[in-house]
Structures are given as structure tokens and as C-alpha cells.
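Look for subunit A in each of the two complexes below; its partner is subunit B in the first and subunit C in the second.
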Partner chain A sequence: MPETIDLTILETLDFDDDGFMTDANDWTPAIGKAIAAALELELTERHWDVINFSRAEFAEHGDAPSLRKITKVGGVPTKELYVLFPGGPAKLAAQIAGLPKPTGCI
Partner chain B sequence: MSDVLAKIKGMKVDEKTTTRKLVLVSSKGGLDMAYPPMILANAARMSGIECEIFFTFWGLDLITKKKMGKVNIATVGNPAFSMAPYAPWFKIPTWMGLIPGMSWVATKMMAYQIKKLDFPPIPEFMENLLDSGVKLYGCKLSMDMMNLQEEDLIDGATMLGAMEFMELSKDAQVMFV
Partner chain C sequence: MKTLLILGAGTGGTMVANKMSQMLDMQEWKIIMVDRDETHYYQPGFLFIPFGIYGPNDVVKPKRSFFPSNVDFIYSDIEMIEPEKNRVKLTKNNQVINYDQLVIATGSHIHPEETEGMLDGGGWQKNIFDFYSLDGTTKLSRFLKFWKGGRLVLNVAEMPIKCPVAPLEFLFLADWWFTERGMRDKVEIVYATPLDGAFTKPRASSVLGDILTQKGINIETNFNIGSVDAGKNKIKSYDEREIDYDLLVTIPTNMGSDVIERSGMGDELNFVPTDKHTLQTQKHENVWVIGDAGNVPASKAGSVAHFMLDVVIENILRAIEGLEPLPEFDGHANCYIESGFEKGILIDFNYDVEPLPGKFPLPGFGPFSLLQESHANHWGKMAFRWIYWNILLKGGEMPFESQMTMAGKWS
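What follows is the complex of A and B.
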């Protein structure tokens, strides 16, 4: 049985109208887990690879990485990204990682 | 459900229930017009929108194995033609576009800009699109006209007739590029 995750942790946080956290600094892995659970997504180690890479990129550049960067630098192939985050990997990965909506076109 | 959860969930596009689908018709084979359909198709998939591209006439070059890596720019017949990133104030007159080698130079310049933005070259971009779930089709009539077989197209692309295109674009948003 999948572990039950407490979603009330999300109630104390601020989200913009698109469902992205307004302050990336408030994020913790537990919050990431809760956001994923709200999206009905169970996080695997590969998900965490993407999330941690996105967090690191954000810390360095102040922007959520483009999907191309996640594949090229982060080392997660395009095909796998779409399996990990069905229904829009760029948005979902940033959302779970507590980052603002990605602005890159690729 | 609380407001917060509704907000978060609002972003998720469930692929089983989503109805939005985008069909692009790519009809031009120049380097400048190769990118708009590819970028839009990729953006659609990144947002969880289903997407298919129908390549017709010169657009076929973009998915033809032997040509997709050699797409260049026309230097004649474009009234907006300029060296935009370097000298945007200098509109290149049509007669200048006729100078031998102009197309080669313009193509190199644009390819450099594309690389600088870290956009993949056409063959790699098409592979990415296929990986992300975009379906690529070659127009059957254009292929017959240009003497192309399905095996001349990038692996994963298929041949499609105009009538079948009608079925495929049913309930989709269609954009002609």
C-alpha cells in the first residue's frame, strides 16, 4: 500500500493562480511529496533526480530549467520524462520542486 | 477540497481525459520556417497537449532523412530579410541576395544563432518530438510527386493521405505554417 501523505502541510503555503509556490525558499522535500500526492503522482528515485536537478538549477540561475536542460545536463531522456510526469513534464516538475512556472520555450 | 489543493490540481492535465489537441501543417522547407512548428509542437507536449504534425510539400524536407540536415535559407523574395542579430538596420536588397554564396552565409548565421539559444538542430529536434509523443506524418500526394517512399522519412514518421488528415484533425485545433 502506498504511504499516506499528509496534505495539510500545503494549507500553510502560498500558491499562485497556476498552482506554483510563490516562494521557492519555503520548499522542503516533504512539501514536494505532498504536492506530488495532490497531483496523484507517486515519487520514485528518478523523479527526485529531476526535482533535485531543477532545484539546483534554480539556485544557480534563478529560473526553473527548460526541459532540454533537464535532458541534456540532468541526464534524464525525453521519453522517460514524459513517463515520469505524464501530462506536461516541464510544468509538473517545476510545480513539485516548488519553483515558479518555467519560462523557456524548449 | 481546499482552495490550495484545487489550485495545484488545476495545473494537472490528465492525458486520459484531456480533449485539447493541436494539429500543425508544416508546408515550408526553409530553416526560418522549420522552427515554428517544431517549437509549438514541443510546447504543446510540455503542457500536456496532444500534438501531431502533417508535413506537406516543401515541409517534407524537414522529415526526409537525406534533406533534414541540410535545410537552408532563401535570400531572395523576403522583404523583411536583414542581418537581424548583427545589423538590424540593414535591409538586404533583393539583388544582393542573388550573390553566389549568400544563402550559405545566411544559413550559417542563423544556424549559429539557433545553436546559441541551445535549440537542437532539425534532426535532433524531430527525434525529441517523436520521443515526447508527437506524431509526424508525410503528405502522401506530395510524397508521390517528389518520388519519396515511407522509408525515406525519419524513422517513426508515416505517410498519410488528405482524407485521413481530415479524420486526424477532427476535434483538433489546426494551424497551417
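What follows is the complex of A and C.
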């Protein structure tokens, strides 16, 4: 039975027009779970590997990591990333990790 | 004698050599430049070759004709950079060069083998081509001469790519060219991009997206290519969308030079981590980056390398005097977008300001319309080749400033 997740915690936070948190410092793992639930994703340990990697990258470089970086440096194959985060892994992982939308490209 | 070593003699490296040979005291300094290729390619011209506007001979010149006489040029592969030891190893004669200041200008290069089935699936240069290399674009031009029509798919494999407007220009020119040949109704044109719109910047993306629609070009957004099935003529995205093609024109993954990877100096795409305002490498105080080789979040373009030039020069000269570098590079990019039918669009932007409509006040040349199609912008693009060979590479004064100006822009 999936655990019930309290979505009301999202109501106290600021999100931009694309649904990304405006202040990455406000994030907690509980918020991550709630955002994922709102996106209808249930987080496994593998998801958390990606989320934690993304947070660490952001802390170091000030940017959410690109898909290639999650694959090459984070060590999660692209195909698996698409299974974990269907549609757009780099964007979804950043969104759940409370980070700004990855810029990635100019 | 002290040594300024420049790695790569393309657009950026050549400009630095020309400018530095005037700025440094050549009694005290020696400038050495290394490249594996003796030919200089005018890469912006590659775009025009498939459509017969330029031929291969219009885009090549010997590198040497652009070097000042007081610079040593070594024709060799660069084997390894050892920034901790202030030295670089070359392949030729196992030569080792010690340097005081180092400029990395090794550019960005295409890697079709990064996409499964692209290079090894049997379709490469049969009905799959790139136009980012002279070889690719020349073969594509031959293919197009005899093509009867069908579905042309243009795919960008992954961002960032150099000259991020080139894919759009290719589409616009293809629309024009097939129209001229009276076969536009036999060609369906599809643009499959990993971006969520026509371009990376919102205002320009919507204007350029409208132009695609007007020209009857279909766009498939958020398409991250996972593999090519050359047997079935399909490309597949990671989220399992499929697009059929008769002719696939690819902009393969762009990566920094192999030597950056060997030397352990790059990020996941072999681009060198670089301070986006000073152009100093993040790890080494006497190592600088110009052009496509760095990871700064600016467009990878010749015009951008030109805007970087003054900042790199000034900061190297400051470093020699023991001063801190100045954070002067603002990400300025200025691109003519060829839109077909002898028209073009001009966009001008930097790190903070996205492309805006208006007029670009180019003293003596302009004004050129910004973010709007005009004939003058097309001629601006065609004049760029002359400016490139005769002014830009020599590090000469261009009729515009390194930092962006807001004059003439409607914000």
C-alpha cells in the first residue's frame, strides 16, 4: 500500500510559472516527496540517487545537471532515467529536487 | 624568454596570436601556436554548401596566411596538457613546450558515434548526413542534387551545439531551395529538437517558431534522440517516439577536443570549466579559454569568440603584471540568421538580455533589423565571410563593441 503523502506542505511554497521552486533552500526531502506525488510519481531509492546527485551538483555549480551529466557523472544510464522520470528526466529530477529549471543550453 | 602558448589555430587562436603579437614585448616574449590542421575552415560557410551557394573551395584557406611573422607555428597533434607543470606535450617528435601563459582554443567538434546506430547502422553518408564538417556538407550537397524528394528530418542530437541558429538556417534555406527547384510540394520538412521550442531564448523562439510555421516546416519538440534505426529509416527518442525519414540531416553531439579529456581538464562534454566573466579557467590562473572550448553559458560562435578577444587579451596582460583579471565578458552574441529568399534575421543578446526586436545600429553598415526578416540582414550575412577573412581573424577593429549596447532595441 503506497504511503499517504501530505500535499498541503506545497501550499506554503513559491513556484515559478513552470512549477519549479523559486528558492532551492526551502527544499526538504518531504517537499520532494510531495512534489513527486503531485506529479504522480512514487519515489524509489534509485530516484533518490538522482535527486541527491542533482542537489549536490546544484550546490557545487549553481545549475541543475544536464541529462548527460546525470548519466556520465551520476552513473545512471539514460534509458533508466527515462523509466524513472518519464518524459523529461533532467527537468523532472530538478523539479522534484526543488531546483530551478535546468538551463543546459544557450 | 617567456612563452605564450596558444593551443588551436582556428577562429579564436588566430585572433589571439595576431593581437598578442602586437601587445607583447617580443624581445621578452615568444608566441607559439599549435594545430594539427594546416587548413583554416570558414565554418559559417558550411551551411551554404548543400544549396550550392558556396563550393568547398570558398571556405578554405591555408592557416599560415593569417599568422603574424613573429609567431612560431607547430603543425602537430596536441597530446597532453599538464597545467600543474605548466607544460604541454605534442605528438610530433614527443616535443614538450613549457609555458608561462596558456590559451586554450581547441574548439568543439561533432561526435555522431555518441548516438546509437548513427555511424554504425549502415546509413551514414548514404541518407544520413551532417553539415558541421566540410566532408559531411560536401557529400550532402551531392546527395541533394539527385534527390527526388520525400521526408527530410533535421535533428539536433543534444545541446549545446556551436552556432545554435545554424539548424534553423538550414531549414529556412532548404525551404527556399526546394521551392526554387520546383519540388517544395514533394518534400516534407520536419525539425526534431531537444528544446521545447524553435530556439533557446523565449522571445526569439516565438518569432522563429512563427517563421517555421509560415514556411510549412513541422517541429517536434523535446525530442531527445536515443537511437537511429538506419535499416528502417527511423529515429527514436528516449521516450519512445519515432520519426520516419527519407533523408536525415543530423547535428551530432558537440564535444570539446579529445586532448581536453585526455588531460582530465573537461566537464562531461570535454568543455573546460571557465569563469564566465574573466575567461580564466576555474582551476589554473595562467590558463585562459577563448571560443568554443570553454563551458561558459554563451553561444558557441565566431562572433562570440571575437567579443571574448579583448577581455582575454586584457586579462592576460593584467596577469603578467600580477593584477587580478577583470570580469568584463557579458556573454555578448550577435548572429545573422539566414532565412531564405535572400532575407535574413539579426539577433543580438548577452547573458542577461534576450534577443529583442528593434534596429541594430552598426556604424557605416546598418541599421539592420533585429528579430525581423530583411534583405539587408541577408547581405550582412554574406559580407560576414569577407569580414571574417580580412578583419576578424587578424584581430582587427570590428564596427561593433565587445559589450552589448541597448541602443535601438525595443525592450
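The rule is short, and it goes like this: the second predicted complex is superposed on the first by the 104 of 106 C-alpha atoms of A that agree within 3 Å, B and C clash if a C-alpha of one lies under 4 Å from a C-alpha of the other, contacts with A are read in each partner's own complex, and residues count from 1 in each chain.
Just so it is clear, a contact is a pair of C-beta atoms (placed from the backbone, for glycine too) under 8 Å apart; a residue touches a chain by one contact, two chains touch by 3 or more.
Here the structure is a predicted model, which is why all the values come from computation and not from measurement.
Engineer: So, A:L43: does it touch subunit B (first), subunit C (second), both, or neither?
Structural biologist: neither
Engineer: A:I51 contacts which: subunit B (first), subunit C (second), both, neither?
Structural biologist: A:I51 contacts neither subunit B nor subunit C.
Engineer: Based on the superposed arrangement, let me know which partner A:V73 touches: subunit B (first), subunit C (second), both, or neither?
Structural biologist: The second partner, subunit C, only.
Engineer: Go through the superposed model and pick first if A:Q95 touches only subunit B, second if only subunit C, both, or neither.
Structural biologist: first
Engineer: For A:L7, is the partner it touches subunit B (first), subunit C (second), both, or none of the two (neither)?
Structural biologist: Once the two structures are laid over each other on A, A:L7 reaches subunit B alone.
Engineer: Report the partner of subunit A that touches more of its residues: subunit B or subunit C.
Structural biologist: Partner with more touched residues of subunit A: B.
Engineer: Mind working out whether A:T103 is in touch with subunit B, subunit C, both or neither, as first, second, both or neither?
Structural biologist: Only subunit C is touched by A:T103; subunit B is not.
Engineer: Does the superposition put A:I31 against subunit B (first), subunit C (second), both, or neither?
Structural biologist: So A:I31 meets neither subunit B nor subunit C here.
Engineer: Check whether A:D17 is in contact with subunit B, with subunit C, with both or with neither, and answer first, second, both or neither.
Structural biologist: A:D17 contacts subunit B only, not subunit C.
Engineer: Share the list of subunit A residues that count as touching for subunit B in one structure and for subunit C in the other.
Structural biologist: 67-69, 72, 78-79, 81-82, 86-88, 105-106
Engineer: Using the touch definition up top, name the residues of subunit A that touch subunit C in the complex.
Structural biologist: Counting only subunit A, the residues touching subunit C are 66-69, 72-73, 78-79, 81-82, 86-88, 103-106.
Engineer: Quick one: which bits of subunit C touch subunit A in the complex? Just the residue numbers, please.
Structural biologist: 158-160, 164, 194-195, 200, 222, 224, 226, 238-239, 267-269, 297-299
Engineer: Could you please specify the touching residues of subunit A with respect to subunit B in the complex?
Structural biologist: The touching residues are 7, 10-11, 13, 15-20, 35, 38-40, 67-69, 71-72, 77-79, 81-82, 86-92, 95, 105-106.
Engineer: Can you name the residues of subunit B that touch subunit A in the complex?
Structural biologist: Listed in rising order, the residues of subunit B that touch subunit A are 2, 4-5, 7-15, 18, 39, 42-43, 45-48, 118-120, 128, 131-133.
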